[in-house]
Structure formats: structure tokens, C-alpha cells
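In C-alpha cells below, several structures.
Below, chain A partners chain B and then partners chain C, in two separate complexes.
Let's look at the complex of A and B:
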């Protein structure tokens, strides 16, 4: 593989982004999840700037700014407000415990490497080394949504999946058309606000955001 | 190609002399950071001399294993010191200086130390042995995986070859796999050498001790050998971290100048890593024991990612 500075830097930053995603499986407090998501989005915005610089694409700078404002400032502010209102709980008993989750996440990233191997072999992009990490991030986000019990953690897991898809777009196609980017950001914001309303209602009904409590609605 | 066996003798003696000083340096920096004066960095030398002069008291329930184990622990640590490239690479004994040999020699020492903890039948010894085995069970494959990442790019699991290959081709030194492997190996260093946040080296409280619990029954020359072996282990791990990932300065030819440069850069790298460990120990609190497998699981995942990214991206 051609170890240019661009290739190494993009793979290194993708690895760091994946690391923040894996931190969701290890930490327990809800505030730590919001922090990890903020750092992850900040590094992703930095990666957008770097790709824009190396590919001489000015549009990517604008996309990076929108991304930064949306995911590092706006959404975490809403999340923090949500957490002060309904939080105070920690992820103490997830469906899969922390040590096993970490090993499973390693297996998931391994799976991502195996799946994207034909793509990485056939590609000639300098950023192709980070593609398996992006798909791995999507898997890890999905795993967080499946195995965690607090509604807030599941929301952060969903946002991490979205980050993984954005990372794939950055590495695989050097960004997507500006209009599409705006549409996706708006959809994400709308989805997040709806989820927020849901969490307020869950908390109002059960005095807790443990989604196992929703099983009581079955009868 | 360095052929003279004098190099091995020099390296062994140097390591034996420097190891207690390294532990003393870490303690001294920690003391200064905690606003204490602290003992001077050469205090462990006085402690070793005191211990060698004292009488060894052995419990009546202890078997031959109790008397045998300190020599095995010290011997295996010394053997690893002769195989790992500290000041020069490749070494005359480097032919057997394979990654797996080093990992299993270290594990041999840990195994016999745990057995020695169990032997006198005390409660603390058994507790320390079981905790140590929990840590070692997860830490050992991580060491192998992390160094294997380097072996992949060097084309051989021989430690001397890994060092010389990175010197020959510096561009592979910054690849993401190696960064991940460094972080994983650093976490394992903290675990295997009994540093915070895994184990507090300065405590004798039942709640928090792992390594100290196993050696609680030892005294006199046995304790001196075990303490020396523990400081040798710290030296080995820090040298691995320094020389495998940033090998510049290691001597590759048998001239006196190259060896001098090798010794000076090795001491500098050890001091730097020691200071980093002291700062880290001051910053973090000890992890609760049920969370230690989580930390080691994280380092295992990082090592796994390192190997995968180095292997599947070729």
C-alpha cells in the first residue's frame, strides 16, 4: 500500500474515530457517551477538512463547518439538556457486559475487514485503508443500540451509526453532493428531535429511561 | 553483525544495575508530583543491599517450591534481558530471541510467582495468586498480538530483526497499526508490572494488592531476588516499548562509539517512559478489581485491530 502522508493520516484519524465509538462499550455514565460522541464528531470534521485540503475541494470545508456546528455543538447541547432532565442513571446492567462487548466489537471490526477486503483490494483511492474501520463503526454503533438498556445510550448509538455512514462517504467518495449533505443533516436533526420527545414521554411515564420498562406496556 | 558474547555480558550487567534505579526514579517523580520530597532515586539499591544481608524466615508449611521459585523468577527475567535488544541489535543470542520465547519466559516467571503465593497456604497469597492469574490470562495474548503487529511489517518474529528492519525502513514507523499496538502494549505494561490503575505497587491493603500479596511471605535474600526481578520486568517492558517502536539510537555495529550512543539513548528513553508512567500513576485512581478485565479487554481489542490493520492492508 502506498504509505503517503494523506493515506496514513486518514487511516489514523479513522482509527481514532472508531476508538471513540468503541469507548461507548466501555464507559458507563451517560455523560461519557455524549462526550465520546462529541470528540468523535470533532475528529470527523477535522478529517473532512484534511480530505478537502488534499483533494482541493472547497465544498468539503463548508460541509465540515456544517457538520461541526450540527454534531459537536447543537446535538450535544440537546443531549446534555436531556441528560440533566432524565439522567442520573448509569448503564450498570447492559444485556452484554463490558468485557464481552469489547471482545465482540473486536470480532465485529474483524468481520468488517473481511467483508470490505474485495473493495479495498480493487480500490485505488489513497483513503481506502479506513473503509473497513468505517463499516466497523457502523457495526459497533448497531451493537450499542442492540445491547444497551438506557434510551439515551440507544440514541447516541444511532448517532454513532450515522457518523459511521458519514465516514464511509468521506473515505469512499470524498464527500457527497452538497444538497444531499444538507438533506441528510436535516433528516438527522428531525429524527433526533423526535427521539428526544419520545424519551421525555418515556421518562414521564416510568420515571426512568430504562427501555425494559416498556415491556410493561405489552399487557 | 555483532558476534562477541561480551556484548551479552555487558548488556546483562547494565540491565541488572539500571533496573532498581528505574524503579527508584519512578517513585521519586511520583513523590515530587505529590508535593513530597521522596526518597532519592537510588534508594532501591540500599533496600536490596539490606535485604540480602537479612535472614530469610520461611513458614513451616512451605514446600521446596517456596525456596525454589525466587530463583526461577529472577532467572527467567535475567534470561529475557539477554534476549531483548536493549542497547544493540541483533544480539549474539538473538537467534533464540523470538517473540514467543520472550512472552513465555515472562509468563514462566509469573506462573512460578503465583504458585509460590499459593504454597504457604496463607489467605493473602491465594488471593494474590488468583488475581494475578486473571490479569495475566488476558494480558499475555495481548503482548503477543501487539508485538506480532510489528513482526508482520518486519517479516520475522525475531526481536532483533524487528528493530533493524525499522531502522532500515523508517516510513513504516508511523503506520496506524503500530500506534494501536503501542497503546495496547502500554496498557499491558501497566498490568504486568503492577502499576496503577491495575495494581498499586506501594500498598499492602487487602483490597488493592495483587503483586504484593503473592510476595507477602518472602523475606531476606528471596525477597531481594523477587524485587530485583520485578524491577527487571519493568525495565524489559519499557525497553520493548522504546526499542521496538522507536529504535533510533540502537547500535547496529560493534564499534565503541555506536555502543556508547546506544547506551545513552536507551537510558534516555527509559527515563522518559518512567516519567510518563509516574505522571500517569499520579493522575489515575486504581480501577476496581472487576473493571480490570474490561481495561485489559480494551487493550486486547486494540491489539487485535492493530494486527488486522497491518495484515489486511498489505
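Let's look at the complex of A and C:
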């Protein structure tokens, strides 16, 4: 496939990935959060395959498979199981309402474009157009973590940040060295499992996963 | 070979604790002995630095490497690790935890130690990141050793804030790699420190500035630099005291190590003024937040966390003040490791004795528990920077570096904040040491038991006094070489 088509396709897919991240800001039910994350990860895995095809890099196919298995199958399954056990609550009235959140996310993506100008100019890769979208996704993920009131949605926000960084790695460098990629995936899985365990603990001790209740520790 | 002797003991210890079910105190004793092996290996790795010979490496593609900065950190981490394992609950004295909890504690604390050691000797930036992320995961398992509302809250905040921070540090790492690849093309050892340092002057300045911003925010969250420190008081307050000791001295040092390594690379690209400016600003903010929080402290373990924040601020200030400041900051790191670990162990014992970690519940330490009270006094006086303890020397050197670089206003503000911290801590110390104790009067047997229990901590005190009175040759060589690596 020729280079401009590849560049446009990668930017389009990055935009779609960012869209799923922003979708988190107006969904209310926990199940919708997990769904959006699943779709986002699937598109990201597809992008990994496309980049692997263009670069003739077999390693990227392997990374795409690991990514798909981890983030589209394993983690959402754990999340859904978690949601049935401790969920049944909706993310009612997060700290910032939906309309303001969307405006803020627009501003964050704009900020990302400004910040990543030197990156885009320094790069010669055809996929560099999507780099601002990747950093934008990281910022949106951060915003989700800060403004959510339910522990489960905070975890999904964290996973979205990780997706943003993975996207940045793919677009900017066509992936990072494989051994590092492997270790990062392992760390991510373990980190997620730990968070999952903690949400069970929170539910067990507080009878809810509302993080507003986690306010005992002060001066 | 030495690297194996360094990394295998904690892994074997964790495996042993995993296999032996239910927990027996022999496991704790064996693990303590294993940690001595790691300590010996770390000290042996300092040897090549002092002799001026080649840097020891290990593994395919130089996977592990121990230059003087790494060796310095290794000694700090293994030193505190040994102390922790010797003074852990369930090692030869009746414990307040169940066998299941003790087993979990032994498994994860050894894995935690192994991860920290790996982070310090990893030659590859990515492997270092993986190890530091692993430390978050392993330590998060032990904070809520007893499941209470407070400990669950503390550990949730810890793991969420730390994971987000580490993710941002990874973003910075990827940006650094991106810059390298754009310049040089893909390479298998692109993420190795010596390689990055060698090409630093050719990298794109704007990209490296952005990368360092992410790195500082990311690893700064782990180190507990304000305003990303909010997890610290909660986590240190709720975690079992040995873990708090390990986290506040060793883990903090490892996080600062990561920032320092990246600073060396970024300085090679954009010059020192950018990173210095950021570190000075954050250091001052940390010191300020710490000083005022210390005034309001009601819980002595949280007070120690704010004291950590104060020293974090001082070390950041030092790192931003050129080679002399960096030397002072590294010396301060060593001194802080010694003092902070000492005080946390005492705090743990006090909590057991008085049943509470609130300052107002603790009175009359000098009458009820003279040895504990004495060590509290020594530890806190050391932490506020009084001679003859080492922290006075390193703080003095930081001031000297500041004045040498014509920053009198900055140093003046620093001194004022240090004075506020000084007065606050003395006030709290007075309230705890004197007054009517709420315990039964001590008898000789109790006092004798305590003397033996705290015997290892007197090593800390001795080293603090040694570093406060002189700077031994080997330490000076180690520090000088480390500074050279970072400020070339």
C-alpha cells in the first residue's frame, strides 16, 4: 500500500481510538466504560497489524496478538466479572458534568497538538500525524482518572492512559524493543490484577466502590 | 557472578516463604541471612569503583551494569533491606500478625527488594521502568496487611496515583526512545544508558524537554515530590513499619536515581538550566508544603512522611545546584536513608507499645521506654539536621552550593522553611518524650529486651555520627565518581 494511504489510515484509526477514549466522558454505566475500552483496544490491535504489514515487521504481529488477547479478551473479562460482583452502581454525577467534560477534552487535545509540534516535526515516519492524538488520549485518560468517583471507572481511565502510551509508541517508533514490550505487558497485567483485588477489598470494607468514601485519612 | 549473588537471595527468600506453608519463624531468620549475602555482594560491587577499574557488567548485551552511582544505591537498598528483614515481625519474637499475613509479608517484601535491586543495576531504561513498576505492585500488597478502612484507602490511593505516575514516566521513556530512533534509527540497545548518554548531544532538544517533563512528573510521583506526594502520608501511616522504613528510604532513593539518570541524558541535550530550574522549583514547593504540614501533624507516622517530603525537597534543591549540589544531594540521600529507616522502626515499636499512632496518645517515652525514647530523640534530631549527625553536613553543603551559585534568596527561603520544620518537630518530640506515660512503669527486664531488639539500629546511629564528623575516603570517592557520571 502506498505511503499516503498508510499515513491517512493510521491517522484515521488514531482518531477513532481517541474517540473511544472521549466516549468515556459521557457514558454513565460501568458496562459502557468497559465496552468503550474493549473497542478502543481492538482498533489499536488492528493498527498494530497494519503497521506491521507496512513495515514488514513480524514482531509487530506478535505484539498485536498479545495486545489483543490481553486488552480485548482477558482484562475486559476480569472487569466484567468485577462489575457483576461489586457493580450495580452507575457513575452518577462525576465531579465534572458531561458537557464540561467534552469541552475540557477538546481543550486537552488542542493542548496535545501544541505540545507535540516538535515531535511531529522531528519525525520522518508516515504515521507521525497521529502523535498529537496519542498524547491527547493520555491527557483525556488522566482527566478521566481525576474526575471519576467510582474505583472501577478510575481503573478504566488508567487503562486508557496505557493505551495512549502504546499508541504513541506505535506511531512514533513502530513499537519499542520486544523484550521491553513483553515486560511492560506483564507489568500491566499484574498492575491490573492488583487493582482488581483492591476493588474487592474496597467493596468488602466500605460496602461500595464510591471513592468519595475514601476520605478518612486526613492530617 | 556478583550480580547473581545480589539478585538471587531476595528471590530465593520469596520462594522459600511461598513454599513453606504455614509460616514458621525459621523462614524469617533464613531470609534475614539471605539478605546479608545481598549486602555483601553490593559492598563487593563498590570495589571496582574505588579501585578505578572497569565497570562490572553482566548478561547478554550488558543487561546489568553497576557503575558507581548504581553501587551507591545498591549499598543503600541492601543495607535497609537487611535491617528490615532482621527487624521484621515474626522473626524470633512474638508477632501481632497471623501466620498467613506473615507469609504474605515475607513473599512480597522480598520480591519488592528484588525489584528495587533490579531497577538500580538495569542498564536498559525500559527494564528499569519495568522494575520500578513492579515495586509499586509488590509494595501495594503489603500496605493493607491488616484490612481496615484506613489501610484499604491508603493502598488504593497509593496504587492508583503511583500507577498513573509510572505510566507517565513510561510516556517519557517512549519519547526518549522516539527521539533516539528518529535520529539514529532502530537499534536493539537503544535504551541503554551509556548509548543514550553518548548520543545525547545530538538529540532533539524540544523532544527531550518534553520527555523530561513526563519523566519528572512520573518518577517524581514515585519519589513523592510535591504536588504529587499526597499518597505518602497515607501509605506510610497505614503500612507496617518495616515496609514504611523500606519505602521511605530505599524506594525513594531508587526513584530519585531514575530521575538523576534521565537528568544526565537530558542535560547532555539541552544543557543544565532547564532541568535545574524544574528541580529547584519542585524542591522549594516540596520543602514549603512539608514545613507547613509538619506544623499541623497529629500522627507521628504521617509526621515522618512529611519529614520525608522535606528531605525530598532538599535533595531536589541539591540536584539543581550543579556538581557541588549534586554531591551534597547524594550524601544527603545516604544520610536520609540511615536516619529515616531508624526512625520508622522505632515508630513501629512505639505503635505496638502505645496502641496508637497519634502524637497526643504518646507521652512519657523517656520514662516508660527509655531506649525507644532515646532513639526517637536521636532519629528526629538527626532528621532536623542537628550536628553531630550526617544530615547537618549534607544540608550545610547544599547551602554552600546554593551560595556558590549566587542564589542567596533561594537559600534564605530554604533556611526559613527548614527552621519552621525544625521547630515543629522539636515541639512534637517534646510532647512525646516527656509527660505522664499511659503504660505501666518499666522494669529492668523490659529495658533489657529493648536493648537487644534495637541493637541493629545502633549501627545506623554510629554511621550517622561517623558521616557527621568526617567523610571517609571510600565514600568520597564513590560520591565523586557518581557526580562525574551525572554531570559530564
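Some points to look at:
Criterion: the second predicted complex is superposed on the first by the 212 of 219 C-alpha atoms of A that agree within 3 Å, B and C clash if a C-alpha of one lies under 4 Å from a C-alpha of the other, contacts with A are read in each partner's own complex, and residues count from 1 in each chain.
Assume a residue touches a chain if its C-beta (ideal position, glycine included) is under 8 Å from a C-beta of that chain, and two chains touch if they have at least 3 such contacts.
Keep in mind the model is a prediction, meaning the values are calculated, not measured.
With chain A as the common reference, the superposed partners chain B and chain C fit together side by side. Looking at the shared chain after the overlay, A:110 reaches chain B, while chain C stays out of its contact range.
Touch criterion met: A:12 reaches chain B, while chain C stays clear of it. Of the two partner chains placed by the overlay, only chain C lies in contact with A:187; chain B stays clear of it. In the superposed model, A:79 makes contact with neither chain B nor chain C.
In the superposition on chain A, contact is made by A:120 with chain B only, not with chain C.
Touched residues of chain A, counted separately for chain B and chain C, are more numerous for C.
By the touch criterion defined above, A:102 reaches chain B but does not reach chain C.
Once chain A of one complex is fitted onto chain A of the other, the partner contacts of A:36 are absent, as it touches neither chain B nor chain C.
Taking every C-alpha of chain B against every C-alpha of chain C after the fit on chain A, the minimum distance is 17 Å. By the touch criterion stated above, chain C contacts chain A in their complex at residues 124, 126-127, 129-130, 133-134, 136-137, 140-141, 144, 147-150, 152-157, 159-160, 163-164, 167-168, 170-171, 174-175, 177-179, 181-182, 186, 188, 190-191, 204, 206-207, 210, 233-234, 237-238, 293, 296-299, 302.
Remark: chain A residues 115-116, 118-119, 122-125, 135, 138, 142, 145, 151, 154-155, 158, 161-162, 164-165, 168-169, 172-174, 176-177, 179-180, 183-184, 186-187, 190-191, 194-195, 198, 201-202, 204-206, 211, 214-217, 219 touch chain C in the complex. The touching residues of chain B, counted against chain A in their complex, run 171-172, 174-176, 179-180, 291, 293-294, 297-298, 300-302, 304-305, 308-309, 312-314.
Of all the residues in chain A, the ones that touch chain B in their complex are 1, 3, 8, 11-12, 15, 18-19, 22, 26, 98-99, 102-103, 105-106, 109-110, 113-114, 117, 120, 129, 132-133.
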